[in-house]
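Below you'll find the structures, each written out as structure tokens.
In what follows, chain A forms one complex with chain B and a second complex with chain C.
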Partner chain A sequence: MSEVNLDRRQFLGKTSVGLAGLAIAPGMMLYDFAHGRAAGEEASGKVRWGMLIDTNQCQEGCNDCVTACNKENGLSGGTSPTDAQWMRKVELKDMRSGRTTSLPVMCQHCAEPPCVDVCPTAASFKRADGIVLVDKHLCIGCRYCMMACPYKARSFVHEPLHDQKPDVPRGKGTVESCTLCVHRVDKGQQPACVEACTKADHKAILFGNLNDPESDISKRIRSVASTQLRADMGLDPGIHYQGI
Partner chain B sequence: MKTILFILLLAITPMWAEAGIMPKLDIGKGGKCVAEPQWMRKNHMHVLLHQRDETVHKGIRGGKYSLADCVDCHASSKNNSVLGSNENFCQGCHAYAGVKIDCFECHSNKRREIAEVGK
Partner chain C sequence: MKPMSAKPFSRVESRYFYALVAAGALVVAVGLLAAHFMEEHGHIVTGMNNQIVWGIPHVFAIFMIVAASGVLNVASIGSVFGKTMYKARAPLSGLLSIALLAGGLSVLMLDLGRPDRIMVAATHLNPTSVFAWNVLLYNGLFALVAIYLWTMMEKRMNPWSKPAGLAVFAWRFILTTGTGMIFAFLVARQAYGSALLPPMFIVMSFAWGLAVFHVVQSAMYAWNSKTLDTEILKRLKNLLGLFVIASLYMVATYHLTNLYFAKQTGFEHFILRDGGVYPLLFWAGYVVLGSLLPLLLIFHPSLGKTKCVVAASLLVILGSFAFLYAFIIGGQAYPLSTFPGYEVSSSFGDGQIASYTPSLPEFLLGLGGIGIAFLITIIGTRALSTLPQDIPDRRK
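After this line comes the complex of A and B, so read on.
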């Protein structure tokens, strides 16, 4: 009896070790996902960052996402034609029904970005994980990308700047736009606007990996009707909107 | 012969420094650098240039040669910056070498903890 029990215990012991190993492997993957890439690891094409903005949840008059964006990236918050604006709140009104819609518009992080096509110095580029950025070391300030962008998402820095954020270098004579808070995303955090919207309890912006069929954003895009702004242009933006 | 030259060099070096020819730098916190100081004097621009492309285009973070890390260590204890006067780490040596620094037209020249609170 005791011999049988011993075998049984050994068998159970070995099996449980094996099972624990299996259980840790997917757990580790989830852990890596939630905490960004390891130091020294490249951004990968397996990920495509995107957002789903629910305009039904987005509150008219609320500007929290824009304020958070300005604070995070060290923007002045001014709205004159020469001030840099990375994100704007847009109010739409259907004249026939009188229905109003409020939504934030920023760089749409297109899969086929026209700003990248026109850039003469390859300063405007798309990262492997779908984030469209400007390499300001290469930007000559020609502003072709601003002309090419159908979403009016980019700004030119007209004046010398001081006291920039250490994570967000910005300078006169270069074009800039929403970076999807790339410095935060690389650390495994959410963009500042998403965090602010969640904090305001509106939860209108969902951020995540469009390439992962099991991510919250992919599941929701599968289950509710959403669209991209000017989807007819075939640029395949990473920002999706629900309720417009 | 080599020894004599070396002793001569040792004897002469403080004279340059005392004569005010060499820049007098406030090296901030200082401490152990990511590479030999003499090698860094010669090569810092190359490693910064290399790592900037890796970071901006490929998204590789946490590299050894980060400009923000340079500033964190070498910002002056007086104004928490690597710029400001010819005693400040970056400005002092660049003024001595007669080379313009473009980095800080866009990048923060202050210690991270100060720059984050400052604005």
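After this line comes the complex of A and C, so read on.
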């Protein structure tokens, strides 16, 4: 009798583990596929968000990514030296060969961000998933991060703001930069610039999890030659470029 | 430290005193109004932008913070190395340090995008930030110099003035190292990111601080109808000359090392030759007017009298502003080398020399900082009687 009972207990134990696994799996799968994050759930170090920008696909004169960024984040789109530009198109001309290239530049979401190192109040911070952000409640507007950033990725809000986007808090007198559309990414969506580039059928920006060897971005980075801007500085940016 | 030869404050002196306080207060009030205007409208009313993020307020602030450390040299030579002639000047040196530091920090604080959040800076310190270290260093200097002044002025505490002086001596070296590191830690800017900057700032602080000391001491002596002993004048002016030469040496070394690195020559050509206002300020402002002319005034056999030394000191101060303008603003105006080997253009000023025109409010804010330093010096001098008193036979 007792042996039978033991078998039954083992059977129940094993099946419940299996059932629990089956119950959790869809959640895990969902997480893996959509990269979403439940409200209140912390960003995980298992993920490192990044981009691969194929400059061969990026069209000179096309500004769709920048326009989408401005619209998504409530930026004016002005280009005076005091206007915020989280993303801009940069035109390059090789001084030796004369070859021209066009590419978008924004916060490079470094693994070793100088802006985070120098910020006196720790307002500049890096999330566990690699996204570099500014806490608008802690930023005192000293602009030291702007001095430290090698990519000129940051803007200072020089004027009072109106009609802000609820998802994208900004503030006069504070510093800001590309958030990698963190509010979208947390909902399992792609950053606005990626979506716009895909919509324009250029598909120059690939977004994904650099820490997942099976993600499209990881596979591409393994198979094509790509580089990071000023890789010599050892900051390990999350934005990779192909074709420069 | 009671004044020996100076009479108790007469009515005339009182009138002068209040007139000076009123003048200082007016400058401070205008500076505060300018800061309020900047906070109300945002930095759009300044000449600063996303390319030149630090402007003329930082020139004023960094001058005052660096000079605040250097002016303590006089006290250090007195307390640490036991020279009586300098000891008599230690209280004034300490007072000037507090005054300059307060002026400089006020400008830095009021230029912040969110000056109302200054408590955040005091309560949220990022341990990897040299700015955060400096918050501690500046506050520490205030406290140490205050204690130092106390040990000198309170008879019972006199035995402690040497250790206090020693602590101040060490602290200010670390403090100016910290100020130099603000720039030395900037990895990507051609103008900065050099380990030479902290020692360069320390040496320059000696010259700038002593120049300020000379000017203030001369003014105090003139207003009190006193003349400085020629022997003391000779020593102080020679010291200033030495510091000016040492500063030139550090600046020359900094530029020469940069010139030697091919990747840096573009920047050096810009800052020393092609950059318009920046080379002009560097050569005419810092080198000629701020260094060579003062050296002539100090060391020429037929010159070197009180007026020449005051003129030399004023020129050193002028030169320091020219140097800092070229260093801070010229350093930012030169584009970052994000794409070495490429010609770069964008809507965000990539690859272009940035332009900057200081606006009146930001200039007045900087001037307000000088006003704060002036006011503290005037009131402190009267309240604490810091006018240097030399005892003729114990001058050495």
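The definition used in the following text is that the second predicted complex is superposed on the first by the 211 of 244 C-alpha atoms of A that agree within 3 Å, B and C clash if a C-alpha of one lies under 4 Å from a C-alpha of the other, contacts with A are read in each partner's own complex, and residues count from 1 in each chain.
The rule is simple: a contact is a pair of C-beta atoms (placed from the backbone, for glycine too) under 8 Å apart; a residue touches a chain by one contact, two chains touch by 3 or more.
The structure displayed is predicted, hence computed values, not measured ones.
When the two structures are aligned on the shared chain, A:163 is found in touch with chain B, with no touch to chain C. Using the contact criterion defined above for the overlaid structures, shared-chain residue A:43 touches chain B, although it does not reach chain C. Contacts of A:182 after superposition on the shared chain: chain B is touched, whereas chain C is not. By the touch criterion defined above, A:133 reaches chain B but does not reach chain C.
For chain A, the partner that touches more of its residues is C, with chain B and chain C as the two candidates.
In the superposed model, A:141 makes contact with chain C only, not with chain B. In the superposition on chain A, contact of A:213 is made with neither chain B nor chain C. In the superposition on chain A, A:172 makes contact with both chain B and chain C. By the touch criterion defined above, A:74 lies against chain B but remains apart from chain C after alignment on the C-alpha atoms of chain A. Comparing the two complexes, residues 160, 171-172, 174 of chain A contact chain B in one case and chain C in the other. Residues 39, 41-44, 49-51, 53-54, 112-115, 117-118, 120-121, 124-126, 128-132, 135, 182, 185-189, 332, 336-339, 341-350, 354-355 of chain C are the ones that touch chain A when the two sit in their complex.
Residues 79-85, 88-96, 101, 105, 114, 116-123, 138-144, 146-152, 154-160, 171-175, 229-230, 233, 244 of chain A are the ones touching chain C in the complex. Contact residues of chain A toward chain B in the complex are 37, 39-43, 74, 125, 127-129, 133, 135-137, 160-161, 163-167, 169-172, 174, 182, 186-187. Those residues of chain B whose C-beta lies close enough to touch chain A in the complex are 52, 56-63, 68, 71, 105-108, 110, 112, 115-116, 118-119.
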